[in-house]
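Below is the structure I would like to discuss, written out as structure tokens.
Here the chain labels run A, B, C and D in written order, and each chain numbers its own residues starting at 1.
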């Protein structure tokens, strides 16, 4: 306990004496963490892109030509009561025709040629995104087809299953890549610190000969590692914040039409990053010092 | 205080010490001498557990040094002050901090450290270089710092390996005077040297290593 | 010249004596290069995705109702002679209707209701992708509208300009990111080597005192750096090759529908990577040794 | 051969040498002595251009050492063999390679190197340790390797800084014998030491540094 001021002092002094090497180490670590964080942001965004996509997924329930206004009202009430659906939209025969007209663009002239509107009225239903599992949607559609007044239920079967595959692949890819990058970063940290401590071999040797305990020898180095890691974390957090602000600004400016929604890094992340840096290099330092043998 | 019985030590199968038996009594000041490469430094290393003997037993202050457990070594070493032949000063610490370090390892508080270090610096005549770093010191100055570091903890045993190899006759005398002083205060002192002038006329026991063991013992 | 065997021997011996540290260095460098290469592959692929997109870009020339067969033949000949166009496709009135029917899917029932096909015949023209600049396309369209028999010329004006913006942003982003990563990697290499040489300070000091020339001191270190960098490059090239084979396989397996075309890394790349590694760490070593002052 | 005229040198404004004038003639073997910290090592460093004087001129073998250009220093140093007080051996090279290194720097071919190194190892009595690394050597053994490295290149000038501080009387005598031998073959030898037994009775000039300059000159 008496030695804590000494540990702190030694750590700070060593940091200062080898300031350039330490700066290199700090920067290496922050670059490593930067890569890790950039990857996290990209993964977060991929997820939100996927969410956006699946928001667009809807089922269309076509109403029988023979169905009465009452049947339609009944169906609407049923759908409203069903918690699986996020949104329910009724599309009348006329609205359907307008939709087609819009979709055809210049070719819409052909609509002027028709005698009678052959399109049925319909409901567009949006499922909760967590329910977008091919099997579930299929059984739901089959059930709805049995309802009175329903002529047909449509949903993007093929699209749904490939969406599912994409999201699965992305998740798997993210885990594999994330793990790889994490290992790489920890490794860089470790190797930088290892090389760093290798230089202190003589010092450790002398301390051992003077009768210093393991704790006495290790503590200043651990403090040093802690400091370096924290600083590295702070630098990468700051860099990420600026880069993030810059990118958000730029995308808003260049591509307002895209309305790209970049997932916001939660404020906590900026606190977690330095702690993660500290943690990683504490572990790194600990391993790097290695076992002290008398 | 220090007792070797039938101690053998070899490096890479090359025997250095063989069946060495000797003892230094509590409160004694003794010398070890012998030609270059005879094994003087090795003998001292065996005492402070930096090397282990292949055979035989070494007891130091009623502790079996030859079988000391890893975790007991730090405490054991804190009873022994060593003047290393190759100095082993930390180049990134000042003279003051190098000496203070030994006391810090003894968990002494900063105030006590300060007065002790200042005292010992005066004794080895190095007060004026307290703030210098070892690479900026002359050979003899570095050696005096090492002597100061070994003495400052008031150890039970003081081992000095060629402590005056870089010193002029005057400084040599004053260091020897210090050793005698610390010895009269109760510390057992063992000095390895080939400098005859250190022990001749001292009236102390001189152990001579020859042919890998203590061949004979003379009175200096 | 006499010293070359000595340089080689010294370099190899040093490599062996400090083999663990050297291994760490090699791995750090190869991780750095891996990041650089991964980035390059991604950029290459972004580019090919953009190319795919722009391949879909066409101009549509609608033919006047009053135009004769001869006019149509004339137009075709004119378009064929124009080197700006990659592909020319004639779409008759009937083909146009079939197209609309396909596009409508279930709503195609409305086509059964029309009396006469109101759609004009047209030419679909594909411009060379390098000509896809909004201004050029605009003036081209205006010129074509003057031609005999042409009723209207259409092209995705808005889409074209946002495609342009996307590609510009991507290029800028790629340059900025690429530069950042390149600096990062060079920096990691440099810092690893710097720390590495820092440990040899004493050795250099002694060599200087013994009267060694600058070249004599530097050469073994440069050789060492060269070797480490080359090895790092080889390792990353090998890793990229395996990762690449793996990913291609996986994507083909999971998403056959996407028919995602990952740009193939040219074979030369696998030769260039080790050379790049060698080059980078040679530069790194050179800077790391620094100026030798007597 | 070596000529100092009014040379002054200070470290961080602390004067070490002041207005020092002295000379060592071609083919001479001379000693420099003085108490620890007097500036003996500094004087030798000025000769081999490891330090520059603040004032005054130093000429060595008709070259102005005090104003030597950077790019000429390597060649200049190759004319001088130095026994460093702190050894400066490379720990990652064997004894053999440490000595061979000096010859490699002289661009000698491997075959010639081999025979030269073997010869010099025999002279300092270290043949049996040729394949050891310096950390495995005793203090005296390391010192003999340094002497060997300084001599092996047959330099025009040999500077020895406390070359026998770690040596027993027997080895001391044999090293001094080597120095005399190399001196008779034409090398100018300058030895810094506080070991009186080295120079007393040698019949050579002994320069004594006191109060920052060569206070007096005696015959050993």
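By definition in this document, a contact is a pair of C-beta atoms (placed from the backbone, for glycine too) under 8 Å apart; a residue touches a chain by one contact, two chains touch by 3 or more.
Keep in mind the model is a prediction, meaning the values are calculated, not measured.
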Quiz item: If we look at chain B and chain C, which chains touch each of them?
Solution: A, D
Quiz item: Among the chains, which is located farthest from chain B on the basis of C-alpha centroids?
Solution: C
Quiz prompt | Euclidean distance of C-alpha centroids - chain A vs chain D, Å | solution = 68
Exercise. Would you mind pulling out the distance in Å between where the CA atoms of chain A average out and where those of chain B do?
Key: 63
Practice problem: Provide the C-alpha centroid distance between chain B and chain D, rounded to the nearest whole angstrom. | Solution: 29
Self-check item: Arrangement of touching chains [line / ring / star / complete / other]
Solution: ring
Quiz item: For each chain, which other chains does it touch, given as pairs?
Solution: A-B, A-C, B-D, C-D
Quiz item: What does chain C use to touch chain A in their complex?
Solution: 21, 24-25, 27-28, 31, 34-35, 62, 96-97, 100, 103-104, 106-107, 109-119, 152, 154, 162, 165-166, 168-169, 184, 187-188, 191-192, 194-196, 198-199, 250-251, 254-255, 257-258
Practice problem: Within their complex, state which residues of chain D touch chain B. | Solution: 11, 33-37, 40-41, 85-86, 136-141, 143-144, 161-162, 165-171, 194, 196
Quiz item: Inside the complex, what are the residues of chain D that reach chain C?
Solution: 48-50, 70, 73-78, 80, 82, 84, 88-90, 92, 101-102, 104-110, 149
Quiz prompt | Residues of chain A that touch chain B when the two form their complex | solution = 2-3, 5-6, 13-14, 17, 203, 205-214, 216, 293-294
